[in-house]
Structure formats: structure tokens, C-alpha cells
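The following blocks contain the structures, represented as C-alpha cells.
Two complexes are shown next, each including chain A; its partner changes from chain B in the first to chain C in the second.
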Partner chain A sequence: MQQAKDLKTYREELGEAIDNTFLHNTMDKFARAYPQGRENAFTGLDPQALIAEVVESKDSAIGRMEELYQEFKKNAEAAGVQVHLARTAAEATDIITRIAREEGCSRVVKSKSMTAEEVRLSRHLAGEGMDITEADLGEWIIQLRHEGPSHMVLPAIHLSRDQVAELFSEVTGALQSNDIEKLVKVARRELRVKFAEGDMGVSGANFCLADSGTIGFVTNEGNARLLTTLPRVHVALMGLDKVVPNLHEALKVLRVLPRNATGQAITSYVTWIHGPVECKAARNDRKIFHIVFLDNGRTTLAKDPLFSQILRCVRCGACANVCPVFRMVGGHHFGHIYVGAIGLIFTYFFHGRDNAKNLVKNCINCQACKSVCAAGIDLPRLRRWSRAFRTRRATNWTPGC
Partner chain B sequence: MVARIQDQEGHELDSRLLSLAMSNRRFFHGLLRSARFAQKAFGVKTSDGGKARFVRHLPMLLSKEHRFREIPRMADTPFRDKFPKLREKVDHPRFTVALFGGCAQDFMFPEHLEAGLETFRGRQTDVRYPMSQTCCGLPLMMMGETAAELQTAKQNIKAFDPATLDNIVTLCPSCASHLKNYPNLFENDPEWRLMAERFAEKIIDYSSFMHDKLGVGAEDFDQGGPRAAYHAPCHLCRGLGVHDAPRELLRTGGYDYVEMQEEEVCCGFGGSYSVKFPRISEQILKNKLDHIREADPSVLVTDCPGCVMQIRGGLAKHESNVRVRHMSEALAERLREK
Partner chain C sequence: MANQNGIDSLQMFTSKAEAVSCVVSQAASMSQVFDYVVDVCDKREACQLLIPGCEEALSQKAAGLCEAKRAKVVAAPNLSKRDFGSLKKKCEEKGILCIDEGMRDREHLAGIDIGLAVCQVGIADTGTVVLDSDSEEVRLSSMVSEVFVAVVDRKDIFADAFAAEKAVNRLILKNSSYTAFITGASRTSDIERVLALGVHGPLEMHVVILDKKNKKAGA
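Up next is the complex of A and B:
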């Protein structure tokens, strides 16, 4: 999390990151492997054409965000879901805390969600005395290290296996080898208990289908599927920008997202949830299911002729993967909470001018981010400025936390 | 975003000074001209048989962190002063073009433009150099100085008459990609937007002009040349989407082109970026130099004066023998005598 007060302090922090050889080697290995992985995943396809479809689809959905939200709400409620709209980050955390209180939940299991990071949900719930466990392997690692994610998709990309082995040895009180398979087993063993004991599961969502009130998410570890199944309460938190008209439009994003993020044709799991399912742990054998939408300025952004395009972002993290600066300093120095090129812009809108003012200078303008963006966002241009904003200032902004 | 924060929190001094200086072309060019006298105090050192000239002692102004590369000297005579004598008289031109020089090549590397003219010579290309052209405005945009940026854009649009030109050729892809972007600056100003569009559609980079327009062939160059690696400038490969033309030109030009790793990854220059964040710039450059070392060419060719400055400066610091050339120089060196 970058929060240096001035450019001089920021430069000093960058210097420390550059001197960190572990970080350097880890990031370098990833940066070299990614382009080939992405290219392989798109073999036989035309990535620019697929991206153009995402652009068209998302732009159309952003243009009628309010209407789609209402449609989603109607259909989800008809299926038995309680749908909430949080205007600000604070409202979102309040709503989720209230749900937990009302349902008597104290053990929370959470999957990876950038929206939850945006509102600092875990910190908030912990502050309310709840026992919260990050169930994604990378997120769990950084939770144990008391860090924020250094990448939107790969939150612990800044760490080497040796560092993780050391951490796990500390946590389990037994010496762990640096063998990745074995480390995964340790996490599995430790986390299984949390899934079984948890009384509330918190997930994000990659898609919300308006025509049916269904949410969908992509994961590789299956943790989100487990924590939306076992605990008796499920709360899903996502930005308003995640509403799309129907499955057909969602699949346009799904064709690009995993390919662009991790070079996978598709993730290990793609989960769709429509209404509360049967759950023996819940009263009346039916899961309590809440969906919380976060606005946090998105409605205002959606109306802007230029900046509305940042709402197309599908959180694939590719803009960080190809960024030569990110590669040298890592995500903790290249974003406040949101990381990468899009992170520089999101920070300004969601986490304030003070946190953004140094970050936005740290762009070498090589345009690599723009060339791979899954949603065709003109990141370098937006970072710099726009005529539209200059002549017509965006006001009535609701800052995040 | 940068501009917005600047407007809200007050503009920084360096950014304000730059904006002030660039708002008036005569004043700005006067500053660049006087820099060559000022640098005399810092001495000169050369490498590559005098082709590469650097400032010997870096000004104290630059901290230790800036010493990862040598800094080139300003040219004794800017290109604009040499042009009238260099211009070839063409009676029946196939192409009528204007050169957009850009600050770096006009005042620091005029040899890039001179070499460009040499490669146009005898190819029925009538070249002009409008003297009222100024900085493309990219540094101003990077710093969020939008008012001055618009002013320079208008000055350049007025300097060229697209109706009389087949192309506006620039040997600096950063300038080219920014000039191509001019219409976006005038989104709410239909009159200037039209002029900006007419201007922008004529902009072409040097390699594309040589390859796609002049269509030079192997018969134009001495074959059997040295081993050459290529660095693709960001604003050429991504900014303008040009990938094949420069590599094919190298082969056409008789070079033994050897592919190196991460050719299309940034060299770490980024204009004022490398001054603002020298340690990151140094690290990015280090990767580039490692790749060059591994490919082991005798010449590294690129299409951008900024990349030449960064890579040549870095190689010189490591006392490497690899020569660094702009594509125009690389081709001019292998022109076949007619």
C-alpha cells in the first residue's frame, strides 16, 4: 500500500524496493513468462476482436447501469435474495456488519475480492471483533503477513516460496519445506477447519446477470465455491459495474478475462449462483443470501464521457503484468489498494488525491498496459488528463474510505 | 489525472517553468541554443570514433542516482540552421514531404535528420522544414501542463500545410504518436479539430515512410553488413502499431539482423521520467543492456532519439563497443554508391 506523503519519501520507498533482490527476481521471472502465456492462451483467436466485443458490451451496460441494477434486484429478490445498495465504502461495511450481527455470525470466511479490498472490509470486520479468514491462498499469506495485495489477481506475487515456507513454519509451529505442493497442503489443512466452522461466507462476483438475478465468479482454488456453500450465510459484495444484461454478455468477458489474467483458457472453476440454495446448517434448511452492491462514485463516473471507460475494467491485472515499472518495484509501491496502471487511476477516484498524487507520476508512458487491456481502456491517456475533465469538472464526488 | 491534481493542488515549479518556456517558441529555442554554450563548462568526452559525444562532468544539479548513463552534448549547430544548405532540389517530386524535427533531433542529434535526408536523396522526394515548428508538446502533456500543450499543438498545426504535403515525416516516434493524437486535444473545438485531423493523418514515422512509401530495396544498399540488433521504441511499436517495417529495413539494408529478448519492452528513458525516477530508469535500462550483451551485435539500431540517448548512454557507461544508431543513420551508412 503506497501512501508516501511526498515524492521524496516515495522515491526512497521505491529505492528500497529496487534493492530487494528477492522481489526483483520473483517479479522478473513472472514478467518474462507472462507475454508468452498470454499469447498461447489466445492461439487461434483474435484478441483485439474479443476485446472489442468486451468494450461494446461493457459500454452498453455502463450506459444503463441504474436500469440493469433495478432489473437484477427485482429478479434476485424474486429468487429469495436480499439486495442492498451501498452508496459509500462506509455504508458497505456497515451493511455487512449489520448482517453478521443480525444473523449471529462471528466466524467469517472470505474469498478474494477487490471490492472488499476497496472498502477495507476485512480490517473493518476484524475491528468489530469478528474472526475473519482469507480463504484464497495468496490472500491468506498476505493476511498472515499483515500486508495488502500486491496484484489484483496474484496478491502474493511479491513473495518467494522461501518466504512463504518461513511464514508457514511460524504459523504452524513446525518446520515447512519450500516445496510448493507441500505448502499448498499446509494451507489446505489449516483452511479446511475454517470453512467447516465458518458461519458467514463473503465473496465477490465477476458478473451479475440482470435478466435472472444470478451472480458468477471465476476462481482457481475452489475456495469461493466452498465458502459460498458450507456456511449458513452468504454475503456477496461487488461494484455496480459488474451488472451485465445476461449470460451471453458475461461470456464475452469470460472469454478474455482468464486468458488475459493468467494465460488460462478458462479458470479451474466458474461458479454461478442463483438464489439461496439448500443448506442444512441454516434455519429452515435454506441459506441466508445477501448481495451488496457498492456505488462509491461509480454512478457519477458512469456519466462521464471519458472516464466512464474505467468501469469496463474486469480486474484481470494485465496492465500490471506488462508494466516495466511494476516489474521493478512491485505492487506495494505501485498502487494504494488497486494496483497497476488502472490502480493509479482508481486510487484517485476511490482512495483520494493524496494517495494518488505521487503514484500518477510514476508512469513511463510506454503504453504496454493499453496494448493488453482486456477492456480496451486508454490507460496512459486517462492517467495524464482529459479535455473533458478540464472543461467540465466532476464534482459531487463521494470519496471512498 | 496528473493535470487534474496539478490544477487542484497547484502546479509544481519544474512543470510551471517548462510550460512557461515552451509557450514561446523563439524563447524556448533560444534556451536550447544557449545550452550548448553552458555545457562547455562541463567538458566533453567522446566514444565510437567521435560519433557519440557526452558531457564529461555531470552538473552537480544531478545527483549520484543519475550517473547510470552518460548524458549527450547538445549539437554545435541545430538541424534547422543546416537544413537550407542540405536541401536537395527536386524538379519532379514523387513525394512532397515536410520533416517534423522534434527538439531532441533538431538540437541534440541533427545527424539523425541529416542521415534521413541522405537516404531520401535521389528518390524524387522534395523535403521541407517549416521553421516555425516547435516542440510536439508531449513533455507538457506528461506533466499535465494542458494550457501550454494546446498552445504548442496549435503552433505546429499552423506551421504545416497538409494540403500541399503527401506526408509529414518524423524520425522521433514519441513526437509522431503525440502528433497523431492532436485531434483528441480538440474534442470540444470543431474548428481546430478538423485542422488537427488533417495534420494528424499526414504524420508518418521514418521506418514506415522508407519501407511503405519510398519502398527501398536490397539493390539500394551494400549487402553483407554487420550483425545488428533492434530495439523497438514504445511509441513506434505500440503508439503507432509499427512492428515489421524497421526489421525488414534492417535486412534490406544489408544487416545481419539478430533477434534479441524483449525487443518491444521499454528502455527506461521516458523523457522526464528518467530524471524524476532515475533508479527505476536505471533498472529498466539494465535489462535492456543485458539483452544486448546476450545478442552480441556490433550495432544496436532503434528508431527514436530518446532510446538512442538512453541506450548509448548506458552502453558508454559500461564501456561497451556496441555502436548505437538511429535507423536513418544505419541505412545511410550502407547506401550503395550510384
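Up next is the complex of A and C:
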């Protein structure tokens, strides 16, 4: 997480990052591999046409976000889900803490969710004395290291296998080799216990289908399937921007998201949950299911003629992957919580201008992010505007906390 | 949509599923599917009685869960009673424990050898199967198994997700539902972007395409 107090400290930190050879090589390798993987994944398809469909679909949904949210809520509640709306980050963490208390949960297992990062959910629940485990491998690694993610899709990309081996040796109390396959197996075993013991699973969502009140999420590891199955309580947290009218519109996003994120035609798992399903650990064998929507400025953003387009973002991470500055310094110095080109703008709106002030200077206006964005967001232009807001204070916009 | 259920969809499905390391084969009957499952399970080496990861140095707690397993296990919770009976018989002949419930038991949560599930839909252009996972047993057996075997009827394979939309919506729109698109084994690239399979769920995925008209097919 970038939090240098002034530009001078920030520049010093950047210098250190540039001198970090491992980071440098990793980012370089990634920057070279990503475009090829993306191109392969789109073979035989017209990426710009598919992106244009995402743009149209998301714009239309953002234009009627409030109405779609109401429709979602009505349908989800009819299916037996409790739906909450948090105005701010603090409200979101309070709601989730309250749910945990009321249901008597203390062992939380969580999958990767940028919205949960946005509200600092894990830190908050830990502060409330709860035992919280990040179940995504990369997230678990950085949790054990007390770090934030350095990339939206690859949160531990800044770490080497040696560092992970050292970390796992500490965690297991047994010496671990740096063989990646073995390290993954160790995580499999250590985390399996956490799923078995957890009483509350926290997931995000990539899609909320208004016509049925269904949530959908994409994962490769499958951790979210275990943590929405074994614990008796499931809490899903997502931004209001995730509501789409129906499955058809979600499928348009699904066609682009994995291809743009990791060069996959589809992720290993795409999960759709509608209402409280069977859960043999819960009363009456039914899952206790809460859905928490986060506003945190999204309703105001949706009405902004220029900035509403950032709500199209599907969190694919591509705008970081192609950014030459990200390649030089890595995610920890190129974002507050949200990383990459979109991070420069999200930080401003969701985490305040103070946290964004150094970051926005990073853009060299190369336009690489604009051409790769899964949601057709004009990132360089918006970045210029948010910078203008910062310097002239010429806005009546109140950024989130 | 034009090639729904046609040869094209079948070939497309096979090549896309193989591209994500699935082992794809065909069968003309459920009985052939069961022979295939028993064969895969039987061929797993005796040392694989040890659950993946359990040979590693683990914390005491994680190692504790490893001690739970006693025999080779196949779980098939969504078969018809009759089909389950015939699979069970074939398993027992080989000394394999065959179950259709109880996945939450500690000894099974630690890991089972094979999870078998009949899937409702196939999506050719991504090599995906769609599994009605409303039942907890189905969800767990397809996750904690080391090898997941999915059966999909050839006539249920659609060209792409949009062609399959109606069928998928039928699954989702039930009163409460849990629907899974599954495409290959559980995977991660979180350490140095190196692909590793089986981080949480199956290490291997097999798909058997059921084509009752194809008498020659043999899984």
C-alpha cells in the first residue's frame, strides 16, 4: 500500500522498488507474457466488439443502478436472503461484524474480494477479535506477511518462492523447500482445516442478477466454493456496480473478464448462488445467507457524466499489466488499495484525495491501459481530470473515507 | 447455435476441455462410465492412499486431518438409486468404499479419491460442464476429491454459454440453487505465476461424454 506522506518520501520508496532485482525481473517477465496470453485467449474473436458489448451493457445497468438494486433486493429477499445496503466502508464492516456476532461466529474464512479490501474488512474483523483466514493462496500469503495485495488478480506477485517457503516454514513450524508444487500442497492441507472449522464464509461477487437475486463469482482455486459450502453462514459483499439485469448480461462480461485478466477462456469455476442452499451445519439444514451491498460514493458516481464510466470496471487487472510504470515499481507503490491505472482513479474516489495525491503523478499518458481495458474506460482522460480536481480543488465531489 | 449437439460441438468441447488438462473420453452407457471410474480409482497407486500434501511437513493441526483417511473412496451423490447400486457393486469388487452421503465427515473432508457427478449441461467453446450443486454432498464431493469425474450427455452440450443460457437459467431460477460451471481442475498461479493444480479442489478432472447411440464408444 502506498502511503508516503510527501512526494520526496514517495520518490525514495520508488527508488528502492526499482532497485529490487527480483521484483524487477518478475514484473518484466509478466509484462512480456501478458499480451501474448491475452491475444491467444481472444483468438478467433474480436476483442473490441466484445468490449463494446460490455460497455453498452454496463452503461445501461449503471444508468439504472438504484432500480436494479431494488429489483435484486426484492428477488433475493423472496428467496430467503437478508440484503443490506452500506452507505460507507465503516457501515459495511459494522454490518458484517453485527451479523457475525448475532450468529455467534468467530472463525471466518474469506475469499478474494476487492470490495472487502476497499473497506479493509479483514483488518476490521481481526480487530473485533475474530479469527479470519484468507483462503485464496495469494491472499493467505500476504495476510501472513501483513501486507496488502500488489495486484488485483495476482496479490502476491511481488514475492519469490523463497520468501513463501520461509513464510510457510514459520507457519507450519517445519522446514519447507522452495518447490512451488509442494508449497501449494502445504497450503492445501493447512487451509482445508480452516474450511472445516469455519463458521462464517465471506465472499465477493462479480455479478448480481437482478431478475432473480442470484450472485455469481469467478475463481480458479475453488476456495470460494468450499467457504460458501462448509460454514453455516455466508456473507457476500460487493459494490452496487455489480448489479446487472440478468444472466444474459452477466455472460457478456464473463466472455471478456477471464480472457483479459489471465488469458483464460473461462476460470476453472464460475458459481451462481440463488437463495439459502442446503447446509448441514446450519439450523434446519439451510444456509444463513446475507448479501451486503456497498455504496461508498457509487450512487453519486453513477450520476456523474464523466466519471460514471469507472463503475464499468470488472476488476480484471489488465490496466496494471500493460502499464510501464507498474512494470517498473510494482503494485505496492502504484496504488493505495486498488492498483494500476484504475487504482489511481479509484483511490481518489474511494480512499480520498490525500491517498491519491502522489499516485496520480505516475501516469505518463502512454494510453496503453485505455486500449486494453475490458470495460472500455478512458483511463488516461479520467486520470487527467482527477488530477485537475486535486490541484484546483475545483470539485464539489466528496470522496469516500 | 447452429451446431448445437452436432459433431462440431463435440469436437470443440473435447479440444477446449483438453486444453485445460481435462481427460476427455466417451461412453455408451452408465455402466461403461462406472467401469471407467473404478479403473481410474484402482490404478491410483497405493501410496496415494496418502492424501496429497500429507507427505509434506505440516502444522500439527493440518497433519491431524491427514490421519483420518483409511481406504480408497469414491463418492457419487447424484446418481439414481439403481445406478448408485451398480457403481457400488463394481467398487466393492475392488475393495473401494463407495458413498453417496456423509461428505461432511472428517475422514472424507480430508480428501477422497474420486468424486463422480452427472452434469446437466456442457458448453463447447470453453470446455465447461455445468453442475446442479444444490445438494451439499454434490458440492463437497466435487471439491474434496483428488480426481473429479464429470459425466455429460452429448445431447446436452451447447455451442457456447449463450446457447446454453436457457438450460442454465432453469438451474439457477429454482427456489434456491447453487450452480457451478466447472472447467478443469482447481488451479493457482499465485506463487511466481507458476501454474499449479489442486490448490483447494481436484488435482485432476475427467469428463466422460455419454452417447447412448454410440455403441462403439468405450471409455
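Miscellaneous remarks
The rule we apply is simple: the second predicted complex is superposed on the first by the 385 of 401 C-alpha atoms of A that agree within 3 Å, B and C clash if a C-alpha of one lies under 4 Å from a C-alpha of the other, contacts with A are read in each partner's own complex, and residues count from 1 in each chain.
Just so it is clear, a contact is a pair of C-beta atoms (placed from the backbone, for glycine too) under 8 Å apart; a residue touches a chain by one contact, two chains touch by 3 or more.
Computed from a predicted model, the values in this text were never measured in an experiment.
With both structures placed on the common chain, the touch criterion links A:Asn75 to neither chain B nor chain C. In the superposition on chain A, A:Asn260 contacts neither chain B nor chain C.
By the touch criterion stated above, A:Arg381 is placed in contact with chain B alone, chain C being left untouched.
Shared-chain residue A:Thr214: touches chain C; no touch with chain B. Shared-chain residue A:Gln367: touches chain B; no touch with chain C. Within the superposed three-chain arrangement, the count of touched residues of chain A is higher for C, of the candidates chain B and chain C.
Of the two partner chains, chain C is the only one that A:Arg225 touches; chain B does not reach it. Of the two partner chains, chain B is the only one touched by A:Ala356; chain C is not. Note for the complex: chain A touches chain B at residues 7, 11, 14-15, 18, 24, 28, 32, 324-325, 328-329, 344-345, 348, 353, 356-357, 360-368, 370-371, 381-385, 387-391.
Partner chain A is touched in their complex by these residues of chain C: 16, 20, 51-54, 56-66, 104, 106, 109-111, 125-128, 134-136, 139-140, 143-144, 161-162, 165, 168-169, 171-194, 196, 198-201.
Against chain C, the residues of chain A that register as touching in their complex are 26, 29-30, 33, 79-80, 135-138, 141, 154-157, 159-161, 164, 171-176, 180-193, 195-196, 209, 212, 214, 220-223, 225-226, 228-230, 247-248, 251, 254-255, 262, 264-281. Chain contact summary for the complex, chain B toward chain A: residues 1-5, 7-9, 141-142, 144, 146, 184-188, 234-235, 238-239, 262, 265-266, 268-271, 273, 276-277, 279-281, 283-284, 287.
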